[in-house]
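Just below sit the structures, each encoded as structure tokens.
Both complexes below contain subunit A, partnered by subunit B and then by subunit C.
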Partner chain A sequence: MPQDEHREGIKGMANPSRYGIERVAYWLMRLSGLGLLAYFVAHIYETSNILRGQVGWDEFLELTQTTEGHIFLGIVIAMCVFHTVNGIRVMLGHGGVGIGKPARPDYPYEPASQNYRHKIGIYSAILLAAIAMMYGLAVMFGE
Partner chain B sequence: MAQISSIANEQTSTPLSSSKSITLRISRFNPEHDGSSRFMEFSVPVEKWTTVLEAILEVKKHFDHSVAVRYSCRQATCGSCGMIINGKPRLACFTKISELNSDVITVEPMNNFPIIRDLAVKFEKLFDTHQKIKPYLIRDDTELVSDEKEFLQSPEEVEQYIQFANCIKCGLCNSACPTMATDSSFIGPQALAQAYRYVADSRDKGKDSRLKIIDDSHGIWRCHFAGSCSQVCPKGVDPAMGIQLLRGYLLGFRS
Partner chain C sequence: MKESTIMKIHYGTALAAVALVAVHILMRLMGGFAESLEYENVLANYKFVPYAAMLELILILLSVHGFNGLRVILLELKQGRIYEKSVSYGCLAAMIGLIAYGSRTIIMINMGLV
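Moving on, here comes the complex of A and B:
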């Protein structure tokens, strides 16, 4: 990034540590979105193996039956659940739901849009993603 | 490159009425001849009530007068002294050193603004985007030709926008915004919050023209509701709320 612009760049955008759980949710949302996009592309490639016939299909499917394959799918489940639940929260926020009402601010100026409803939404998304991932891993490794 | 100022070390024994001192790390950068920024460290005596701006002015007065910093009112009204203090955008005059709970205070110029020198940044882009959203009442009639001397509003109508009228154009929200960090064309939370301020004003008739300006690929749709802008606002403006409410007009939730 050129010094004359002095922009934080991707490093600053991706730094989730300074602005509370909302910025962490923003970071996880972007990360999971990119991860799911990568999975979508990989999934199209994977399913295209059916063109190689039954043997080719079975060969490729075996990749997901390994320990690494199970962990990979567990992460995909977590990304999918987090992105869905947090996405609903963000969409509701975009529609003006749960962000409070304009009012004269009083010191110390706690922003109404960063209220407990959205914090509960974020923590719920993280918790549900963790539970779904653990359940998925339990099912896959329990086979 | 951290550099201990020998002048500072020599003069810390200056008889100032304080038992405590902190290390103030100031980012130094002159775009005319520096390739990158560096830090200079000063030991500054502080009291419980000392603000970061006062500590910087102490450095200017006793140690190094060449430190460039913009300030004016010293009471969080003019919006001049925004800077990154210990990693977060804050007003230097509104931040007491005692509330930072650290013996080392690092001050840097605000992110996402071109640096003039040291801690002073250029505000041209901020003012341009602010002007772009037409920050004034738009109506066909005016007070000069109307029979009424004032455009009357109920207290409820005032409540709709008064919070957003507190903006002092300090730029902290733009500095904290993750979209501003990567998108140089993004209009920014400051301008978007001000667009809401006028759209929500019952006296204003320029809603459609403002919505047209912000309904752009680098406009309101680039906000992802990270909320960092609201967390750093020193006046309680809550730009994130204003932006989401503004988006409601474009999505048809509000009229």
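Moving on, here comes the complex of A and C:
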């Protein structure tokens, strides 16, 4: 069977620049989700160090309470805020909120669900994530 | 379990976790971030039963939400009967393992075993 020369497979699907901000949000949602899960597992391990007593706890704290550790935590805060705000947007969309009314598909066939309300939601999620990261970094580096 | 039910659980755990994690973060910011991480303060947090119960709840909610999210991502990438079953049971096992490991820390400190 001849392969369609236009078929790009996963690479085409993963291209965030082709399908607008919705595709960027799709990827950021998944990447932030995986990042947060990895952080959560690491956090559970990190806090279990308290079972080693004060010495064990302080030793582990020395590893995390560094400039790199604070920057890493700043990124985690950004991922957390984006995932939360965009998650609420997705939940509302699944519930039929802000996706418009069903209508006859007419040229240029713009999907009613990909409207300005959801675009504002995505941009708000990115903006709030950036603000939260800056605030988190200010708190951590301010001490 | 029906996928629609799983998604309701996914959204429910997310909303509950957002509220509880907000409280958890506020506890770190009250009285200074660095001070809140001192050994005695962390120990006192774990020994305060309502807070320990909240941590246990966050642990369960985020484990369920996180590993179900991972399952959804992995099922989007590839399909197949054996693959789907492996991913679902693998995520369930990882979720139970993480809850057990985290609960061990909470219970041991709360009961004064440290």
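Simple rule for what comes next: the second predicted complex is superposed on the first by the 129 of 143 C-alpha atoms of A that agree within 3 Å, B and C clash if a C-alpha of one lies under 4 Å from a C-alpha of the other, contacts with A are read in each partner's own complex, and residues count from 1 in each chain.
FYI, a residue touches a chain if its C-beta (ideal position, glycine included) is under 8 Å from a C-beta of that chain, and two chains touch if they have at least 3 such contacts.
Just so it is clear, the model here is predicted, and its values are computed rather than measured.
*Asks:* Which partner does A:R23 reach: the first (subunit B), the second (subunit C), both, or neither?
*Replies:* First partner only.
*Asks:* For A:A103, decide between first (touching subunit B), second (touching subunit C), both and neither.
*Replies:* A:A103 sits against subunit B, while subunit C stays out of touch.
*Asks:* Tell me which partner A:E8 touches in the superposition: subunit B (first), subunit C (second), both or neither.
*Replies:* Once the two structures are laid over each other on A, A:E8 reaches subunit B alone.
*Asks:* In the superposed arrangement, which partner chain does A:S113 touch: subunit B (first), subunit C (second), both, or neither?
*Replies:* Once the two structures are laid over each other on A, A:S113 reaches subunit B alone.
*Asks:* If we overlay the two complexes on their shared chain A, which of subunit B and subunit C does A:G93 touch? Say first, second, both or neither.
*Replies:* first
*Asks:* Between subunit B and subunit C, whom does A:L34 touch in the aligned arrangement: first, second, both, or neither?
*Replies:* second
*Asks:* Please indicate which partner A:S48 is in contact with in the superposed arrangement: first for subunit B, second for subunit C, both, or neither.
*Replies:* second
*Asks:* Count the residues of subunit A touched by subunit B and by subunit C, then name the partner with the higher count.
*Replies:* B
*Asks:* Determine where on subunit A the residues touched by subunit B overlap those touched by subunit C, and list them.
*Replies:* The overlap between the subunit B and subunit C interfaces on subunit A comprises residues 30, 94.
*Asks:* For a test of understanding, state which residues of subunit C touch subunit A in their complex under the given definition.
*Replies:* Of all residues in subunit C, those touching subunit A are 7, 11, 14, 18, 21, 29, 32-34, 37, 39, 42-43, 46, 59, 62-63, 66-67, 69-70, 73, 98, 101-102, 104-105, 108-109, 114.
*Asks:* So in the complex, the part of subunit A that touches subunit C is made up of which residues?
*Replies:* 30, 33-34, 36-37, 40-41, 44-45, 47-48, 50-51, 53-54, 57-58, 61, 65, 80, 84, 87, 91, 94, 139-140, 143
*Asks:* Could you pull out which subunit A residues touch subunit B in their complex?
*Replies:* 3-10, 12-13, 18-20, 22-23, 25-26, 29-30, 90, 93-96, 99-100, 102-107, 109, 111-114
*Asks:* Show which residues of subunit B lie in contact with subunit A when the two form their complex.
*Replies:* Checking each residue of subunit B against subunit A gives 29, 31, 36, 87-88, 109, 111-115, 121, 159-164, 166, 176, 178-182, 184, 200, 224-228, 230-238, 240-242, 244-245, 247-248, 251, 253-254.
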